[in-house]
Structure formats: C-alpha cells, structure tokens
C-alpha cells in the first residue's frame, strides 16, 4: 500500500517541528510538505539541524496531501482549517480553535469572534483515550491543549465514577517549552532558569477545556474547578497534581483499581504504584498516572505526567492522525523515554 | 559593646554552612566556633571555598559561646540541645526536635522516642512573624521547617480571620538543596535535572507543623490540611501554592488588604500584586506572598515563596538569634536577592 | 532469520541502562538477559520505569546469548570478558580494560595489574569510523571512552593528513551523566547545578586513548596532546573544542573539504557549516564536527559534539554489535535527536 | 562626610541592574538617579522586584550626580559619555567604547566610526588589578569586557614573567546572562537549556581587548592569541581555561608561586590549589585562578573564574568607582559567594 502523505502548517514552532520529528520516522506516513512564514524558502534541515536528513524546503503554501497537522496560533488556524476542510482534506488542528463546543465560550476566552463556527459541531475533541471511535471517523480533530491532556486523563476515571464531591484543584508544573518558541522575557534563559512561578491566576485559556470535558463525563454534577499553571526550569514535561475532596469513603487501593480498569487497554496511559517523574515520559507519548487518597482528610490526590510536546501536542496529533488514516494507533510513537 | 559569640553545630550540611555564610558578615555577632563530624580537623575554608576568608577550623567539640545554632539531624539534635540548655546557653535548633508541642505526635511522625521531652514546653516555635515576643525571651527556639515557613506565612492571615471553610491544600515546589547535602539517588544530578516529581504522598514530616500552627490560629475550627511537596530542578527556592474553599464571599482586593494589614510591619514579608518568583527571594531572607481569589469557584489561592536555605532555614535562625540577643532583627540579613 | 540474542552485564549504570533502552527497540536483536549486583532479583521495569514494557528481571548471572555488552567498571570488567571470550561469546566491552594496546600503560594509568593481558592483542578499538572492518571480524571490541570518541573523530582527518605542527589541546565540556550513576558529592544536584569546573588536570584516564589513536594515524610524528575535561550543568552531551597550530597554510574551506571527504560515507558523522550544539545530538548516535581555521594565528579549531551516553557509550556499542553480527550498522540507531 | 551621589544610565540591562543592586547596599555611595528607555516612567521596584525597597523611578534623563556608571550598548554609550565628561562628571563606562586604545581597531571590530575618539587617550582600562593608580586619578574608566577580565587576570602573571612561547588559547565557558537581557533565539530558555555550544569562531569582539592588554605586558613579544567563547546552561559565571606552550621549564609549584606573588595584595583575586568552580564566585566580586603545568607536554594551563555580572561587569565597575571617589576599594563588595 502507498504511504499516506501528510503536511504540517507552521512547522517552525515547537509543536510543529515536533510533528516533523515524529513523522520523519513514521513507518506508514510520509511527511510530504511543510509550511512556515518567516522561514519560508529555507531548507528544513538548515533551520532545524536535528532534522539534518530531511530534504524538505519550508514552503509558503502546502503541497498535495491526505492529511494536515495545523500548528498555527488560534484564530489564524481556523481560517486555514476551513479551507482544508472544504477541499475534503483531513485535519488535526493543534490550535485551540475547535476544542470548545460553545462558540460564546470561545469568543469570551480568546477575545475574538470565532472565524469558522460552522465547523464546531463536526470537530471531535482529540483526547484519544476518550474519543477513539469518533476520531477514527472524523475529518476534523481538535488536538487538546497540553495542560488539559494531563489534567483530564488524571481526573476522568474519578469524575466518571462519581467520586468527586465538588471542588477540583489542578496544580500544574510545566517545562518552559510549553510557552512556545516565540521570544518573551518570561522565557529568556536567565529569567526562567533557577525560577519557579505561577501564572494566569485570573484564568488560563486551558481551563474551559478542562471544565467542558470533565463536565461531559458527569453532566448532572456541579464541579468547581480551579486550575493554576506554573513554570518550572526544565525544557519538557508537565506534572499535574490534582486534588478533590471525595464524596464518600474509598481506599487508595480501590481507587487505583478504578484507574487501572479504566485505562487497562490503553497503549499510552500507565497507572503507576509510585509518584511519577516527568523524566520518565520525556521523548515518549506516555501519560503516567498515580492516584491516591489522603486518608486523614478524605482528599483524593491524582498526579499525572506527560511530555508536553509529545502526548501534550505532537504525539497526540500523530496518535489521532493514525486513527483517522486507519493505521495502528501506536505507529511512529514507539520511542521509549530518554532517561536520564 | 563586645560582639556576641556564636557557634554552629554540624556546619557541614547546607543549613549549617548557610548559617556560617550569614554569620561571616554579621555586624554584631562573631562566629567563634563550628563543629562537624566527618570533616573535623579541616579548615572551614578548605571544605567550603566560598568561605575562603574564614580562619575557623571544624572542631569535634564546641568552644565557648553565647548562642548556638544547631544544624543536626532530628533526634541527634535533641541530645546536643539538652546539654547546651543545661549549661545556660541560648539555642536555635534547626532540627525538627522541638517544633511539635505534642510528644506523642513527634514519636509517631519521627518513629523514635523524643530524647528530651522535658524541653518541649519551654521551646518557642521560631516563626518570627508569629512569635516575635516569645522568641525574644526564649532560651530555646525551634526553627521551623522550610515548607512550614512558606505555608504558614501564606495561610496565617486567612486562617486567623476565619476565611477558610474546611479544606486546605498546600502544593509546594522545592529546589533540590532542600533535600540536603547527604548523597541520595534522588538528588543525583542526572536524576533530578530536567525532572519534576511529587514525593511523600503518604504524609511528609512537615505536615504536623503546619497543622499545629494553623490550628493554634483557629482552635475551634476543624481544618483538613493536605500537603504535597514536589522537587523541581533548581538549587534554591520553595514556591507554595495554597488552595482553600472560602467560607464566605470576599474579593481579591479585600483579601489583599487583610494580608497587607497583617504583615504591614514585617521587614521580611512582602505582599505582592503579581505572582511572585522564587528568583526574587534567592539569596535574601524575604518571603513574598500573593493572595487572590478564584471568583468562579469561591477558592482562595495564596502563593508564597522563599529561599529555602535562608528564610526557610539559616536566615530565619539568624533572625531569631538576633531577637534572642536583643539585636536589631534585620542585622546581617540585609542582602538583596541575587537576580537574575 | 532468528533474531540474535544479546545480554548486558551490569545494566544498572547509565551506560548499561542506555544499552537496554536502545536494544529494547532494536529490530534485529533481542535483549534476552541482563545482570546487576545490588538490584539483582528486581524487575528491570521497576528499577527503571522508562522501560516499563520490559519483562526482564535483573539477574546475578547471564543467560544464554550470542553477544554481550559489558558495562562493568574497569578491572572487574576484564574478568567477566575473559570468561565470555573463553566460551566463544562475542563481547563489546564498554570499560577501559581493552582500549590500550600497551599493558604497562594500562597498569600505570589505572593503578592495577591488567587482569587479562592475553586478550589485548585480539581486542579491536571500537571507534567504528576508524576500524569498521576489524570490528566486523572481531570477537572482542573495546568500546572507546566518551571523551576519546569526540576528540579522536574531531582530530583524525587533520592528523592523518599531517596538518598538525605539534601541539594539540582538547578542551572538553561534558554533561554530568558522564560521571556515572554512582553517588558522589561532585554530582550531587545542588553542587553540579549552576556550576562549571575543570577536573583531572593531572591527567585524565581517557588521555592515553587519545594519544594512542591519534599516534597510530601519524606514527612518525611527535604530538603533544593536552586534554582538559570540564563538567557543565546539563545531563547529556560532550562538546570538545580542539586547538592545534597548523604545520602550514590552509583555509577554512580547504579544511572543511578534507573533513567532508574523510567522513563522506559515514552514517553517524556530519560535518557542519556552523558551530554545533550538543542539543542537536541528544538522543541520537550522531557526531557533529565543525572544523575551522583562525587565520590570524594559524590555529586550527575543530569542534565536535556527541551524546555521551549514545555515540559516547551505548550507541557506539550497538553500532559495533551490529557490525559483529553482520547486521546493518544503523539498525536500532535511527532515532533523531530530541530537540529542543 | 556626605555620601557620594551616583547614577546609572540604562539600568534595565543585566549589567545596569546589577550595578543598581550593588549600589543599593553601598555604605558610602547613594544611588541617586537611574535612566532607561523603554521602562522610563516606571518605578525601579516594579520592573525589578528584587529591588523592592528602592524608591527610584526610571527616568529619561539623569539627575545630578558625582559619578555615573554607563551601561549602554557600544556607540550609543560614547555619546553619553562625551556629554558627561564635558560636564566634568566622573564616568565608568561599561560598554566597549573606550577599551581599545587604537581607534582603527575599534572601527574595524565594531563596524562603526568611533563617536568620540578624542577621549580615547584619557580613558583608563579598568582592570583594577593592573591599573589601580591610573584609575584612582581618572575621570573616565573603560570597564573591561567580561571575558577579558577573566582571561587577562589568568594570563597576566605568566605573560609579564615571559613564560609564554608564542601561542595562547583562551577557551571560555560563559553562563547565559552574559548574552544580555535582550531577547534572542539563542538565549530562549528551551534552546539554551541542556545545550553547550561555541560561537563567534570568526573572532569575538573581546579578542582585541585581550590582545591589547597582554601585549602591553610584553611589548616585544609576538603572541598568537586564539579565543573561543562558549555558552553553557547556567545563569551566571565564566570559567576560562587558558593554554600556552611554555618557553622554558617550570614546575607547577614554581608557577603557583609566581601567581601568588603577583596577586598577594589583591582583595578580589585568589590563587587556588585546586580547579576552581564558578559556583564559588557567584554573587561575589572574586576572581579565582588556578595555574598549573602539564609536565608531559610543556603546556601551561591556567583556569580562572568569575561571576560575569560582578567581577565581569558591575562589581568591577563599583570597584573602579570606589577608587575614583577615594573610597576603600572593597566598599559595597564584601558579599560572600552564594553557595550552593
């Protein structure tokens, strides 16, 4: 069988170039064409020496493809996606544009009018573990944000099971690559190194995604979700520590069983016996989850970690792409974490 | 007036050597004698080149002094302290041995019989901002743990004011020096670098300190406190993000006013308008606190940060020592944070 | 064809466990058995969670295999190797025991009597690019040290071509994983982080390897080689900056051509137009080399970089193993560097 | 006596703000006025929270002062300096504009016509240890570059003594703050973290400074100096490893004696018995120097380290300012390095 032909729009950000790295060794898909703006006309291998063996040139416009991974900023992405969908091309959109079902929510959180609201109903939220079947049949998949990926996978089994009383706190610690490749004083080396800080206390744009998806798992329950992201001085990785007062009594062992059952068939989610390390996910598509109970207080504590650029972005996009193309879900994603 | 003479027991750990650094430039106290075990007989300047100008030799036994900073591990510390107290010498104990008022709590959390329970009633908990007067008159001060220092300062104004409903979550992110100078695979460079992880989910020994001190501020209120410490890849600094559902309605502005009033006279606590950075405390005795309210959920969020080796250990010990000696509280602690 | 069966002796150091990671996804070799000392009896996946999918248990004694990668400390390694060689098993030895041809040199640098000098003549120095044919036919390959790998690849073309006057300086900057997984105050996180230092100024044990191999390329020339290793605060990577006064005039362009020709057929060596970054080799078996000339002074400057655990250890071992087994040299080593 | 009044032009770069930090606790100088461009009108304490106690506002134009530290980029600096000198104000210029004696050298290396060549003859090169007397009497001091400070201090005793044959290699490893506070992809966190690289192989602008100053110590000797700077992933610190074939025989012990004698009276230079660590200079004005000899090859190896923002910039500026104002040279510079 011929390999499928894939393209990447805006390959020059960290999510885009990570898609290129993963596709460069994908056994059943060929990366045929990539676009960029400032770097258009340059060889991909010159701008990104780790892809030295690539023969691609960064183009202004995409060539012919079966599927496209779109790694544009929000709003700009929707316009590109609309045009691709109209041509009948399959799309995994890594931006935020098609993640929220509710157009007004989008308009409020992103401060712009949604450029293509007519696509919202057909877009499938691309958290593979929750929407595997829908993704396989979709033309448009909205790849989740990095924080929501870790947070929703951490909380879904407990929320679905109805274990949560009301409050949920998601305290996330992200490596600095999560802030992207655009220059900013906050991600200037001497500022971010040897520093830890919280940000977006007034409400991070990934919060409505988390609310939407956990809400869909328990439509009748009111949940109060607080999400605080932090930057920690490392390049890759997100560790999310999630806290929720339990509705009833449950032991750590019972909780672990619920999680193990929920994820028993998942190739990329592992429930661990000990607190996981971001290092053990770096370079892989894994999500590690450790659920436990603070018996003194009746508080559930669940910790998840992922590589923000892989399971939190490019890897999950490839995972979704595989499903959309009818390929094995793990194709091109077998790499083991690079430890130490 | 003659300068007071101070000694340090077990100078070779990170807390002990940081006491030595601070005392080396203290205007009104002379560091007269230091002890260590494995390094006894060596010049301090040879073992710790940053103190190249010191003429001290690391001794097995302490010389004559007015006050001693004890930086031993728990249990061993109590024995040293007992002997010093009996001789009428003032002591700041940096170990955990005299922090908990309740002997049985100590025995349970530390898994040993308290070696000097008779001193518990006279020991003053050395969180300077809460016990300034008692410290000034004490012979024995129990210097708080690094995590409790940040957590209690973050929560005290809200707890005292009765703002908290019931649950409190303290999610702390610590630099690796907090784990001490003893070798351990968890603090081996290639393991800790580029990694974030949680630990002590079954209950960290600093938790009972936090419970004790917040409880004393609201004796009639049942509080459920969950504390999860994390290691992040930096040398110094603790950032604690504290979450608590509010008992009633309060705005972020009102909350900030409560905190500003509570700490208005404090030389080393600053209430900030924006989320603080550990970098802005590194090398100084400051505690930065940012209180806010998540209006959507009724959750109070308070973030504090400190340099774990200064306000979290040696700096606070010097601050307490100053009070015990009748010196200005800020003497020897004026250093501005080293940014970037 | 059946897959070859490989074993690893002392899998628990960084070199050993990196061999395990690479073999875990090798298409034509099965990792059949691994040994360790302190961790014997534990599942490999429990000690090293990034290898969660492994079913191996760490054994005290090796099972049946076609080839063994030995990752023991020097001296202890030779004894294991001797026993394997006598049984007719192929061996890649990652220790220093069979790198030096001259037994007295070994005894002097390592301060012990060589435990198996009778094997020295048959051992092939495993710098694949220089000894490809000999390696293919060898039963025992002595895998080079991490520093010599980068230094010799950087200097070999110039030395062979006779461009060097007399002096060679190799100034190497290594990530901290190069110091191994054994605990040491120098590799304690808070000591190594935010620090750069030189070490082994009296002569590092990797120096005689460099002298031996560059000497073999120009037996009639006296070269004076100075090698100074440094530790820099990162986990993986070695960058070596090599300086040598030129014997005659040559332009940077001509020099680059000599290097490009020398390495034109090499799958894992790339000559670059700009100074290379260790980051562009991390996670891959690449060696990047940038040769240039300081025209003002007649000084040749050649910079190389590698991932010390891959091309500097486990990757090169697998590269050699592939040749010894008659497999494609690049099998199992196709991973692209993990950037950023 | 009234305190002297000092000003800082362009306080918002790393050198400028470090001057402000040092002056904020200077016992005999008051920081009276600071300027900045983009941040003009803001309170210094708001832009730089570590200076929370400062009451200064960043101005567009300087107020009245006795002495000014100018931290502008080259060329722009000269214009400011000219105007200050004409008003009779003392100036320490941290830019490169008055470091080179030879106007044509400046024009060539900086690619601009020198804006104030008439001041070149009166400017004193501000390497305090070499020009103490001249600095004390100067109106204009050209503060050295960070790399030249470490390199010249490392090589001066040997060059002055005539120990060097001809070639000198300076291999410097700098923390990332040396690249300044302006945004650049090279100093973007995810790019610079976990990376080591060389740069400016075609000739760094600090090279002519090194050539000029070492040349002045041995005017009759031809020296061939090669300088290669590297970026290593830490915030502060420069370690320079200097190599030079020796003209004659000398032991490491004799060499050390020469260095100890040369620097015996220096408050900020220490000759060490073991290879120094940048960590032991961080936060202090120290330069640590370790000279040795590679007896096998007749190569002298001298290693120096400094905090690039203190002895390599702001600290040395304050040291020079002290001399120019007739104050004790060490005033305001007594801080001990912050270890670990």
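Note that the chains are named A, B, C and D in the order they appear, and that numbering of residues resets to 1 at the start of each chain.
The criterion applied here is as follows: contacts are C-beta pairs under 8 Å (C-beta built on N, C-alpha and C of every residue); 3 or more make two chains touch, one makes a residue touch a chain.
The structure presented is a predicted model; accordingly, all values stated were derived computationally and were not measured.
Between chain B and chain D, the least number of touching-chain steps is 1.
Note on interfaces A-C and A-B: more C-beta pairs are in contact across A-B. Mean C-alpha position of chain A lies 45 Å from that of chain D.
With centres set at the average Cα position, the gap from chain A to chain C is 37 Å. One finds 38 Å separating the Cα centroids of chain A and chain B. Annotation for chain B: residues 14, 175, 177, 181, 190-191, 193-194, 233-236, 276-277, 279, 282, 340 touch two or more other chains. By the touch rule above, chain B contacts chain D in their complex via residues 14, 17, 21, 24-25, 48-53, 177, 181, 194, 235-236, 270, 272, 276-277, 279-280, 282-284, 286, 288, 334-340.
Residues 14, 175-177, 181, 183-185, 187-194, 233-235 of chain D are the ones touching chain A in the complex.
By the touch rule above, chain D contacts chain C in their complex via residues 167, 169, 171, 173, 175, 190-191, 193-199, 201, 203, 224-226, 228, 230, 232-237, 239, 241, 243, 245, 275-279, 282, 290, 292, 294, 296-299, 301, 303, 305, 340.
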